[in-house]
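Here you go, one structure.
Going in written order, the chains are labelled A, B, C and D, and every chain counts its residues from 1.
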């Protein structure tokens, strides 16, 4: 394992220390328990928006803390959900009297830890609403499983809900909006090469020189299917067709599209995939109203990409365009 | 024969060693059907438990388990943190004010702990989780107790049932936890949580029967 | 070789087609000859600022086209400098009557191709000034060599000169500013893993499991020295000490600092390196006035990082803060 | 014996094949001390030259070389583009209006081309560049001509000198081009540009002496 770290057990903290130093105009990092919080938190009268999860998905979530997006983020160890004490402390720190929205990705660990934290906060009189993102179409949605993983739609939900909170949506309205975003967002990812969790020291799976994994998540876990390497065009087709069929998206829909890199794939390749995606959607009469192309929700140095489509209404698009000032997303300010 | 505070501390101490030794093994299992952190999580948690106990082990059994629960909840994260945390929370409650555990107390402790895990995780045996080791272990212990088995027989039955339960996860398709995302590809792999659960029960048997692991 | 491409020979074009589709509010891509140009070019009365070079360094240069930075970029094939006809066409397209600045990285190929283009433009009556970036301290600067490579300082020069052109600096003043930036900027990079040029299909060099290359450039070329893998702290020390000693930077200096990823290194690691760098500079009494941490001048999917320090005066910092709206850098708008 | 337009076209045609066949070899050489693109660049350039000639080869020698120069300059990029482009620009000028090249004309063409490369690249023999093959080649051709050598002798002397010059780059430390960034680590590797230059001269010898490569 070759990584620019000091020691595996220090990686998350060292990295957050760097984040704090690089963006002291935007955020602050508390160490015990560990959370990242907007500099001017709590904003009185504004509902707070919080997310969190295992580390290794940078810039998510710490890089999305700032005006117009998250009030706080709770980073766990690499690929390990944060603990209730972190989430509780962050929630209390951003509560400006209007309650706090928890945006939780659908993993057993995240669900349970956020649940325990929400109970602790509610016991202290802070109103908490939780919305679970479960947008990964690679996973069958069934009553008999843990449901779908939360992946790319999380980024879009954080941006849109962050803007809505800035506009002083109250907590129930914010929760309803977040649910609407989650219901209308779908994603799927693939990998050309695995990643290595620092503390584990070995790649999470092995791939032959001419194989790729379709339907991976963001934790270096194997996907649903191992297939021969395909062209960017075929990859874009396979991913987008699965995504489109699921909602389903229809002719005339407007979407916010994200072509996301898993961390180890050059931007050049992501733009190639975006080119293919844009052609495909045009052919189906689906309009890309807004888009992101880059590394937004990663899996350490995994090579690969994911496609997220969010069927967006005017409200979502208008909120999308609102100013945002975070290390990972910035415009309008 | 009863389990006193010293024996409980010895169990915790041995768990620290067991999870350190099995860190890579559990992580390996988790990398096949999960996200390659289970061994790391358990090792981090029980190192912290050891540190807390070395620094200041509270008096009594209940408070010791309560501290274990708090430490695990604050340091493990992932699915295992809340689950094992809840196990020890319920264990603490089950101990109440007792200064030591009779065989019946031991069985009650495990049953309460396992029930906590089941409630927290909303899983059932057959879902390919730690419950597949824990539920049979608690049931086997209860059965030995009902048949007037000795503490030794109870603990050995628990460990054996946990091991069998752990192995039973291999052919299962996961319906809970991260492995469930793999669908049919989860079949053929031993569940990491069931494995750490077996280690937990086996370590209790070893520590409380005076054998070191 | 596993890459998200269709065919090696189409990679650059497909990627630029994606860039154009994703950022049509900012830029346009012409195909024959190939160049990327700001949507509103030429801006009358404004000196143009152009750069270019081989592809594979994304977001540089195409991703830096837009208001407040480059008027145009000329992308060559992967790691191959662009041709004179591209540079000539781009120069003519952005000439708003006030001449054009060429920011050229110091590689024999780039120098010669830009030189030939400048001759062609001058023959057509367009005033061209060229400034060569040669900031890589890993290369000995000697009268008897091709001099130093141009690396990280290029990004800073493009931002600062783009802002100055927006403020309507005339061409001589722009040229002088660009020279000043180049004289005060220094960089050095390292690699943990090589990259693969799509058309070549094989990694550009081989590294053992416990080796790293110090003093690499941005073209997948081997560095000056192969050393055992070090911690992030040691890497930051080695790189920054070489950079600091060279200018030399002194106590009391203010710098714009960049910790740049080579393409395949996760953001988490870059923040760890930034953390170390910030500590080191603090210890030496050097103040980081502004900073960038991320993938800004990459080498395909190479794993590694580079550190760039620019001794900045008030003028540079004020220009740095001016609005910029490009795919790769955006603030203030 | 003279080199007519047909022979020139045959040379260009053979260069297309030569660089296609040596694409990986040249790229390999360039990956040791450069950026792994030299073979790709040369192949792209001479494929484009072939396409241009197939589509519409201009009449006369000078115009043919002028077209080659323009195509190389527009398609090769990197260092090789301007350098080989300039070689053919000067070659075109050296041909002037001549319908075919005498042995003296051939030597003049190479000398002019090589001088162009030297001026464009500001390098000298010993810098570990294509000049280490080109300069000795042109000198050897001139010497054969001065000694009244035949076209065959001239071309073979040129090719032999180019080969020796190419091999002489192996122990050199580069002082120009990308390899110079490597400092002492550039020693021990054959220069890719010197290799493509040898191929250029050798292909002329082969094409103009009626042998196909």
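Convention: a contact is a pair of C-beta atoms (placed from the backbone, for glycine too) under 8 Å apart; a residue touches a chain by one contact, two chains touch by 3 or more.
Since the model is a prediction, treat every value here as computed from it, not as a measurement.
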item: Inter-chain centre distance, chain A versus chain B - centres from mean C-alpha coordinates, in Å; value: 32
item: Centre-to-centre distance between chain C and chain B (centres being mean Cα positions), rounded to whole Å; value: 54
item: Chain centre separation in whole Å, for chain D relative to chain B (CA means); value: 75
item: Where chain A and chain C are represented by their mean Cα positions, the distance between them in whole Å; value: 29
item: Per-residue multi-chain contacts in chain B, two or more chains; value: none
item: Residue numbers of chain C (touch at least two other chains); value: none
item: Chain contact topology (line, ring, star, complete or other); value: line
item: All chain pairs that touch each other; value: A-B, A-C, C-D
item: In the complex, chain C residues that touch chain A; value: 2-7, 11-12, 14-19, 21-22, 55-56, 58-59, 63, 192-193, 209-210, 212, 229, 231-233, 235, 263-276, 278, 291, 293, 295, 298, 300-301, 303-305, 330-333
item: Parts of chain C lying in touch with chain D, wherever the complex brings them together; value: 33, 54, 76-85, 107-109, 112-113, 115-116, 136, 138-140, 144-146, 148-149, 197, 199-200, 202, 204-205, 217, 219-222, 224
item: Touching residues (chain side chain B, partner chain A) in the complex; value: 27, 31-37, 40-41, 44, 73-83, 120-121, 174-178, 180-183, 185
